[in-house]
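What follows is a set of structures for review.
The following pair of complexes shares a single chain, subunit A, combined with subunit B in the former and subunit C in the latter.
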Partner chain A sequence: MTPVAVPYSAVPLALLLLACDPAPDRAAPEAVRGEAPAFTAQPPVLRRLTYAQYQSTVAALFGEGLVIPAELEPDTRVSGLYAVGASVTSISSLGVERYEADAFDIAEQVLADESRRSALVPCTPASTIDSDCARAVLADLGPRAWRRPLESDELDRLVGIADTAAATLDDFDQGLAYALAALLQSPHFLFRPEPGEDDPERPGERRYTAYEMASRLSYFLWNTMPDAELFAAAADGSLLTTEGLAAQVDRLLADERAREGMAAFITDTWMLSDLDDLTKDPAIYTYMSDGLGASARQQTLLDAEAIVFDDDGDFRSILTTRATHLDRTLAALYDVPAPAREGFGATTLPESGGRRGLLGQVSFLALQSHATSTSVTRRGIFVREVLLCQALPSPPAGLNTSIPETTEETPTMRDRVAQHLEDPSCAACHNYMDPIGLGFENFDGIGRWRTTENEVEIDASGDLDGVDFDDAWALSAAIADHSAFAPCVNKTLYAYAQGRVGGEGEDDIVDWHAEGFAVEDYRLKFLLRDIATGQAFRTAGVAE
Partner chain B sequence: MSWLLLACAEAPDTGDGGTCSSSADSELVVVRTIELVIADDAGLSEGFNLDGAVSTSGGSSGCGIGDYVSPGGVEGIDNNFSRLVPTLETTEAKVETIEGLIQSAIDSGELLISFELGGVDSWENDECVSLSVGQATGDAMLGTDGLLLDGQTFDPDPGAPVTEADDGRISDGTFTTTGVATDIPAQILNAYLTLPIRSGAVSITPQGDDLYAGFLGGGVPTSYLQSVAETENVDPVVAELLGTVLSYNADLDDPDEGECKALSMTLAFDAVGAYWYAD
Partner chain C sequence: MKRIAIPRRRFLRGFFQGSAVFVGLPLFDYLLDGNGAALACGGAIPRRFGLFFWGNGNRPDQWTPASDGADYALTEELAPLVNVKSKICVVSGLAVKVDNVVPHLSGAAGLLSGYDLVSSDGNDTMGAATIDQIIAAEIGADTLYASIQTAATNCSGMSYNGPNSRNPPETDPYTLYEKLFGPTFREPGEEGVVDPTLGLRRSVLDSVMGDIATLQSKLGAADKARLDQHLTGVRELEERLAKLEEDPPSLESCARPDSEPEASYPDEDGRPQISARSRAMVDMLAMAMACDQTRVFGHYLTDPVSNPLFPGASAGHHNLTHDEPGEQPEVHAITVQIMEEFAYLLEKFDSIPEADGTLLDNCAILGTTEVSLGQTHDITEIPVVIGGSACGTIQTGLHYRSYTADNASKLMLTLMRSMDILATGFGDPASEAYSEDSLTEIEA
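For the complex of A and B:
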């Protein structure tokens, strides 16, 4: 269908008119952005479960509390996202061994725990080899683990494994453990195949199957496997209808697990899992502690959750809000009263302080710094690449990109960067990122506020693409208002949902989602729904 | 002078004919290190002129015990505990032991001496600043340097005595006040005890980056120290020695015990900014 072209400039006007109504009836996004434009469906991808998805899926299958070894095949970040890396990575021979060992370990834990075993095994084996009992277990568990109905020969093979191992080991449970391990180390469990099928309603087009859609939705919105209701919607085919899909998406978004799903997106896009390895020189940063990285991640996720789900508010405010969540550790580091004696509490940062939003948090300030100092380059790159989706070239091989050491003539980072940028080969790229990083120099390498460096007052002013700023707060506001920020959120979420970056022929549909995001006051919950129910999310390309 | 102090308690004098009024939030600092101030061989010692007199040895004031002079040249400094140190060093009550116990109490959160300053409009000069001395309680977080981190939030310790002093002022960047009473746990000889510092004085000077340095001086009743020596597990010979030493070194009047019944002491501390929980 041909979309109705609406000038982008009409969007603010529409918002202004809506704002005049004290209780506005929000115009449907299509009234502003028109119908979805045509797009070129991209070939399906084969995504491997990320480590977090592996954990959440095992928990969904067998219950919380199982010990899952941390050393599995590591996730790989591609185009800034593990979600995209999951589509282009395979499994090494070492990874195969780890998945195998882990599968047996999980199977043994499940069968050794009476409550887990009784939930899994609905029958009492009549003998060491009881094919019917093994079949009953695997016929229920198999489709959930592989997230689709099993073919009869697949089920037969699994039952055969259970029987053979039971006969060899002279123990029904040990035989069943082999079958469970086979399920859990299978590519059907570890990967998410989405070849799609011909779409009978759109001749010549392909769509994802109902079960593929169930997994696409649950891993996108919950970061875990489908629940029984979603499987049921796949089984009866309602998930392939527009109405049925919308109903499931609304249900998923209303579920508490949607918060986990959104947290997974935030963790991925802002690299928050790297906080597990946060390292700082303890001789320099006295606030460094073992739990700081985890606290920092929790703060960012709680703030995002509040904006997206509690307030259903403008997502751009994640960069500017003074409302936040702190524990005692972070409150001390930020030099504000702790809102709670135990765990996290909601609080509002002082208006007079310079700390606002994500870019005033340890999860950005410490993570995008070196172990012994700030890094204007890393902070600048994060803003350019992650928040604004602007590609930066890699430094030429062999080029010394390090910032000069502190001297009496160069007491502040601004001084040292200026010296660094005297080299034209450095300046070409660093002029693009370092001035942004200098805007955050009032925060040291762990995120403590400071006004001086080496007893010289810090100048945190600059300009971001023509917008002047005096300090980090003004810079954050400039980034939030930057024409590239909201579209970048949309673009990243689209890539996260699809497991790949937008391909050729998808620019219009990606922009269309961005327009809806703007019309809907930048509510991320709307965007999650918009993408999940969108045609591009349902349409499979032809495998290459 | 006393008239001025009384006036400040009701409607403190600003020195410019007005009365104390301030919308400034109170500022809380918590002590993170503390040590005894020992006079040097030249007779110089930090501290306070607690009795308002400049006493000389054998003179009519200060119980006939000579005062020290501060490094800045201020006369009349009362810190006679300093003179006991050579005697204590011959016993188990070494200065390092006393300071070590105090520091471990701070690090464990058992001794979080709190100074809450009210009405600070300027850290340069402010004629009317109140002080509340008490103790904080809560899990104390230590930095990688082993010291109490600044910016922490605590609860006031409901079991600790609180002293209010309304005669404080800030001059040239340093806050000072008198009339302070607080208790400092310590180990002297084999006895674990709490030193009751009475009629004390406090000075606090910001050092930047939420750090403060200061002094706490006051009189410890000699009867308290004597009773500790007599009742706790202290060698009787040492206890007798202590009694003799105390009787010769008491240099202050004690509000309850009478004339020349208290021993002056000065502690140097550094402190960090902190907060109270809101509820």
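For the complex of A and C:
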């Protein structure tokens, strides 16, 4: 491909700042980080709707409350994110079958429900076959479902499907159902094509089209399809202007749906959907229950929401805060009073306890453990790879990976790991992860606090890249302060927004966003806005 | 993800008014030659291929029979297969000849595709189609499904048509039942109705195929290829709907299962119901084969690296393979349980009469896993049991041991040839895993 270098002088960022809302006592980020650097525009990606996006998009089209079958084409993680995997997965034969069955299922539910139907069908069909009425329905629904205006032949074809089916089945609504099913099975619905167009204002370069930008923004910030206002900004072209874009990004971020969008990012990056399959041996972990995984996810998401939206605070405090949200299940497991009789309530964890932030939650402690024990390795890998974006190699094949048995000489995990790490071929990598995991050994495999293992006191001290810690709380603080943590949040969010990891020639622009994040006191809301309005989010490369 | 049980296709079921009735062929026509004599293998009775897969390997020292040839004794781990001993071929000593870079997954890729695993950005995918899909591409065209993939736990499966083109398994027995024996299913000879919705659904799929072509014209090569896979799936569904308008084949043992499976198999005491779920799946798979709905299946008991708590085990399977010291009695006990499930499958297939033999006789069912000794991720000594002789083309009642670490791809070529597929080789011609020779020692 031809690299498209964007000179920073072409990026009118000063205009963005006018629409921004900087805290009064803070310098504009550009005063510190300078103008955006040049970058190489990357080829566009073709994302398949994730399971969550399929659900949210159907809800946006037809209203909340439809039953979406649980089994669709499975999502795949690439670089740790489903959002990136969406750019490489396709649709299998089984997936085609499921999407077809689900399309008809959804069509039936919509047309069988009078209020949904009347929202969709503005006309009263004059007869079984009423092309005009079918056309009225599809001319409105089609562009929303495919997130762009329809070509006239596309609309004709859909109307034809409705008419033929209505004639065969002798029923207008059943005919319409077939057109709905055609919309919902189409790659124009199931995928998010963004091939881009030549940028008339910057000859030789490409940009995403107005409708592509509308979808890029809404799926990034809301994890669902654009609303009417965003479509309107695409239709009148204002979304392609710097001011118009900033106005829409500010509107999207101010909307309640931005909370859902951020929750989707947190769920993806911290793998919280895996909590659905949380498996623990209840004989060992008596606090295990069916709803525990869902409760744990809710706690993490509520805490993140409070920091990002209610407080617009330092995102790094997600690792250190004592302020949290608990239901009775979690309060019992954490051994603290439940703040609410029903559901979740806000509370503050006791200062004396060792439990703080994400890394004191079931979402991390239980998920990154085994079914019958803790895993210092898994916990360490999570911190290195997910929180610090430090890639670790796979274990080499052909090694004996067994860890020593629990004996009188090795009552604690620290003892057993020490023996394990005597083997230099293990130690080379495990020294990066196991000492971190040992810092969390005061939490058992489901996240209960404990001070001993096999009646021997647990030593949870260690050092993280030169910073000493005595316990899990100090370790969490060290991770929050680690020079790699905030840049990792930025890098992950950038990959999440683009549907791909930063490519060659993008390092500077990614770093530039990280600098802004730091200058703006690590407010995630700033970063969401910074990336969404950034030139790299608007500039398309050439398809390869 | 939790399954929300809703009756699928109830919409379509409501559409049967105004339909015509037609009558199926007389029973057994399919099986008889002109003189009414039952046809044996190679004639009207199709050959079938299956994969029974489990994750995390075994303990070769406890698995491999002490002697080879026809007079070998089953080990404790193979003992569950005793009732079908005369109908299996145990193969030991084969090596997967790709670089063992990513534990477990390199082995799976090398064994099942003969190509190196493709790994980038934490995304591991097969570099080429797997054996089941290579075979399905040749023998799967005439049936409703080119292949059916099922799993007894929440598996991703190991079936690929190419990089990032995975065929995920059905993991829910009830969904599988609806798919195979739902409203569109007819027993041989059962009167059917011409369902007007089938043609309408096909016209919708035509429209989708048009959309795919339109979109492809705007995309780069890699995304075009992804949509090619989508297109293939849509075309297969369209062809399936066309076949539903024809009479089902009249196979003697084809019948609707007596009862529907349970809607779900929730974990019991934190442990998945591996056995119950596997058997429910296997019962339906066997009948799908007997009804000639497909000629290729993949059944995954567990995935590579999966960590389910098996009954009686003190930790997850993958954990135990690495952490259990000494002779690993718990790993051993799990291997026995896995073989009990494989035995259930083989005995089920063997209980279904076909012509003068059984369904199993007309199959080659490859039972295997992605590593040998799970503890070290070794990929020499891959454990293999082939169930069925594929119409007498594979020797059974045999333990064949390779003393020269033969290439596992030779076995894949043998399996392809047992399906009457003319192939010059298996695997990546640029790699050591490639083989143009088959494992003639087990061929009949």
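Here is the rule we go by: the second predicted complex is superposed on the first by the 517 of 544 C-alpha atoms of A that agree within 3 Å, B and C clash if a C-alpha of one lies under 4 Å from a C-alpha of the other, contacts with A are read in each partner's own complex, and residues count from 1 in each chain.
Note that in this section a contact is a pair of C-beta atoms (placed from the backbone, for glycine too) under 8 Å apart; a residue touches a chain by one contact, two chains touch by 3 or more.
Every value quoted in this text rests on a predicted model; they were computed, and no experiment measured them.
Contacts of A:338 after superposition: subunit B is touched, whereas subunit C is not reached. In the superposition on chain A, contact of A:283 is made with both subunit B and subunit C. After overlaying the two complexes on the shared chain, residue contacts for A:346 are found with neither subunit B nor subunit C. With both structures placed on the common chain, the touch criterion links A:328 to subunit B but leaves subunit C unconnected. Of the two partners subunit B and subunit C, it is C that touches the larger number of subunit A residues. Look at A:129: by the touch rule set out above, it reaches neither subunit B nor subunit C.
When the two structures are aligned on the shared chain, A:467 is found in touch with neither subunit B nor subunit C.
Legend: residue contacts after superposition of the two complexes on their common chain; A:405 is shown touching subunit C, with no touch to subunit B.
Residues common to the contacts of subunit A with subunit B and with subunit C across the two structures: 282-283, 288.
Residues of subunit A that touch subunit B in their complex: 282-283, 285-289, 328-329, 331-339, 341, 450. Residues of subunit B that touch subunit A in their complex: 138-139, 141, 143-145, 147, 149-153, 155, 209-210, 273, 275-278. Those residues of subunit C whose C-beta lies close enough to touch subunit A in the complex are 1-4, 6, 8-12, 15, 17-18, 100-103, 106, 121-123, 145-146, 149, 154, 156, 164-168, 170-172, 175, 179, 196-197, 199-201, 203-205, 207-208, 210-212, 215, 218-223, 226-227, 229-230, 232-234, 236-237, 267, 269-272, 307-309, 314-316, 319, 322-325, 375-379. Subunit A makes touch with subunit C in their complex at residues 43-46, 51, 67-71, 73-74, 76-80, 84-85, 88-97, 100-101, 104-105, 107-108, 157-158, 161, 164-165, 168-170, 174, 177-178, 181-182, 185-188, 191, 193, 195, 273, 276-277, 279-283, 288, 370-373, 394-395, 397-405, 501, 543-544.
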